[in-house]
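We call the chains A, B, C and D, going by the order they appear; numbering starts again at 1 in every chain.
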């Protein structure tokens, strides 16, 4: 998606505080769009508020909440990635070179959702113990009966 | 002095002087030094509790009076931490020995002056310097970060604090014309305006300098950056437990008691009671009563000074070690030198 | 040069003075605590020495809505299992046994596992017959964690209870002589 | 081994944690020391991960709020408020005025209790035990108010979708006014005893200076950002739950002790925020309207229309965002919290460089980081 097509799309959408005005873009051009939004004079989205991910029927939606400190406008970018199988990792583009706050947010998503961010500074397991298989926040995640020979006596109540 | 004690303890005439002195030493340690350290420990805990809207120890003994005793007993029966190597125990022993050797020099009364040489005022400082060095070596033998940093900081602080203290001692010795305890006590009579601290304008400054440098040397609350619990978990004392920790704590309180006694004798008139009274008692040679009254006067003043120190130390936050040494070199030392010059002019002008 | 020396000297003495003044200021703020002078209850000791009822709070000093240990009055409980469903930590287990039509529901087992309970109060809020309530009791310590599972149920139906129902049913259907078993007047 | 190699000195590697009195919570701090001066610091957390967001997906709408208030144990209501606002936005539930007012009262009381906890930790880090005990004694009075209204002291579990779970009893309003008066007197006592004490000034001014550019770049929000000079406050920029009717001004760091954005500035700013919260409490307690306190009765089959919302709440540590997604079922599909501690943890490696070992606890505790909130 080159810049003028992006400009055209932005004019139509305009920035909105609620989620309805979110701009859907494909993962590849995510970093390029974010760079554009941050440096463009009349947008100046220089503050990344939050990166959140959730799984909807098999594919993982990444939502980027942008905010511009000068004009106070907020903006939502939405990217979709679909892992091949329920337990396989999937690749996405990292924006940690644009905003420092993206590092811990991407670290968590990569660990709990299995989304590998290219070029990100994600460290090995921070939240889950070493050697933990599976990505807990995926809908298809099944609780392990035991981990490192410790039994979880979770009797299900569904 | 020896005959006085022979009559108090009604020993046979020809007992050798050494035996009498050892007896007096043991008596003064058991009945004065040990109880006073424990009283000070209790006072500090009860006082800081009162300051902090708390009740403080009230379980063992009336109003928790025997809390330090129960603490000591509890620590005695704890097992020693396995990780402490032998070198640490040796250096702790040396530190304890250095500190408790000052008992012989303690000025507790005109009749308890065992070592009354011309230099007896400086002897406790020798004990304190060896204590600082021993704590440094104890810290270095523990191969933990808190041990290393704690030991280095204690030596840094200990060595620094001694300089202004010695200058303040010089100030006290000038009007007395000598550095033995008897000279200094003789120069100050019972009336407050005769005390070194108040009979000239610089006396108060040197008293404050002496007390604060004592707090620096011994590491009392606001100036104890070296063994603060917030990040070094007790510095050199981090790995002590059981009887060693008990000895470490008791030596800290004894250090405070020693420094307060020296401050009182040097600046606040020590054990001086009105002349008429001593003459009357001496004639009716009831020496026991003299010792008791002098001790009572001395201890009242010591506890008053100690109360002030605890109050100030509870109220101010803890300072970093580099701020402690800055305070020492940039504030206490210049002020002690100024008061030394002041004392010199004052005594010269008075006797000139 | 001299102005810089004088200014540093002045700054030095001002620094020392400020230090002494703030030391003295803090000392005077804490002094009333030592002397408890005219401070009423502003500066009294606040230590609550727990088991002693005078200086520390007991169950009845607590406000009415305090969420303490739970109690279920089994007679009013209608075994609707709402509490079991809403509990976030699933610490309530309810079991009933079949009873003849018109008799009241027999809650044989109603266990609350206080090891898991987080005292959030949802079960009490959801309970229609208001049989499950928060008492103001908070002393729930036990030696074995299994003792934390308190049971409020009636237990399995006993033989005499079955006979009572059988007799009641027989009375309704007229098969039973109402007078049987009474003492002759 | 040549003499040069033999005498070569290197940095000491010292890793603090996970439990250490100088740290704000279970985290690891790997330091490289050159003697007492810190060359570099690096943090590692993850010790308090409880899988809160996964748990929220497995429970009904009613009990999800109980989990939400365990996001940050010290300020429980803000987790609940974030989830409530988002869910009400999706489902279109409107909250009665009286319930909004009660929510504001509880938020400001929690802010005061959390800031008092911060003052106590700072006093303990610097070693002033009287201040530590005074602050905790006064926090008890605020916690008594929570127990009176909701039944619990910390995890109050009092908010429901569409309002609050119970009404305000009559005695509660007077007690709130009394506690406000008491805390106003106590604040003066803290200032006399501790805030501008020379020794505390020396320990905390010019220490851990966070400039406003670095604060914005690292996503720092809340009191730490305001102390650095940025006046960001969600209650002003995007007012929620009736804050637009209350007039209050946002305190910004003035740098009395040392410079703007140092540890002392963060400490004094929180004192000012407590006074500001007292102002808000006074206004909202006087103007509490009559009326319903809950507009929706939640039963077992309660569902929310499919949709998503992002709510922002001003918690005592910063801007707490909650991204809630509902797929029309009886359980939330996804709840994601953006906690302020994420930004604060990023500042630690920068603030710690060049300081002394004794300053670590002052810097770390002046950022008021909650590890429970960071790991979720």
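Here is the rule we go by: contacts are C-beta pairs under 8 Å (C-beta built on N, C-alpha and C of every residue); 3 or more make two chains touch, one makes a residue touch a chain.
Keep in mind it's a predicted model, so treat the numbers as computed, not measured.
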item: Smallest number of contact steps required from chain C to reach chain D; value: 1
item: Distance-maximising chain from chain A - centres being C-alpha averages; value: B
item: Centre distance in Å when chain B and chain D are each reduced to the mean of their C-alpha atoms; value: 46
item: Centre distance in Å when chain A and chain C are each reduced to the mean of their C-alpha atoms; value: 42
item: For chain A paired with chain D, centre-to-centre distance based on mean C-alpha positions, whole Å; value: 25
item: Distance from chain C to chain B - Cα centre to Cα centre, in angstrom; value: 53
item: For chain B, residues contacting two or more additional chains; value: 51-54, 314-316
item: Sites on chain A at which at least two other chains make contact; value: none
item: Sequence positions of chain C contacting 2 or more other chains; value: 23, 26, 29-30, 33, 46
item: In contact (per the touch rule at the top): chain pairs; value: A-D, B-C, B-D, C-D
item: Chain C to chain B touching residues, read off their complex; value: 12, 16, 23, 26-27, 29-31, 33-34, 43-47, 49
item: List of chain D residues in touch with chain C within their complex; value: 59-60, 62-63, 66-67, 130, 137, 140, 147-152, 155, 157, 165-166, 185, 189, 192-194, 196-199, 201, 300
item: Chain D-touching residues of chain A, taken from the complex the two chains share; value: 17-19, 46-50, 52-56, 63, 65, 69, 72, 76, 99-101, 103-105, 125-128, 136-137, 141
item: Residues of chain B that touch chain C when the two form their complex; value: 47, 49-55, 311-312, 314-316, 330-331
item: Complex contact set, residues of chain B against chain D; value: 48, 51-54, 145, 149, 221-222, 225, 228-233, 314-323
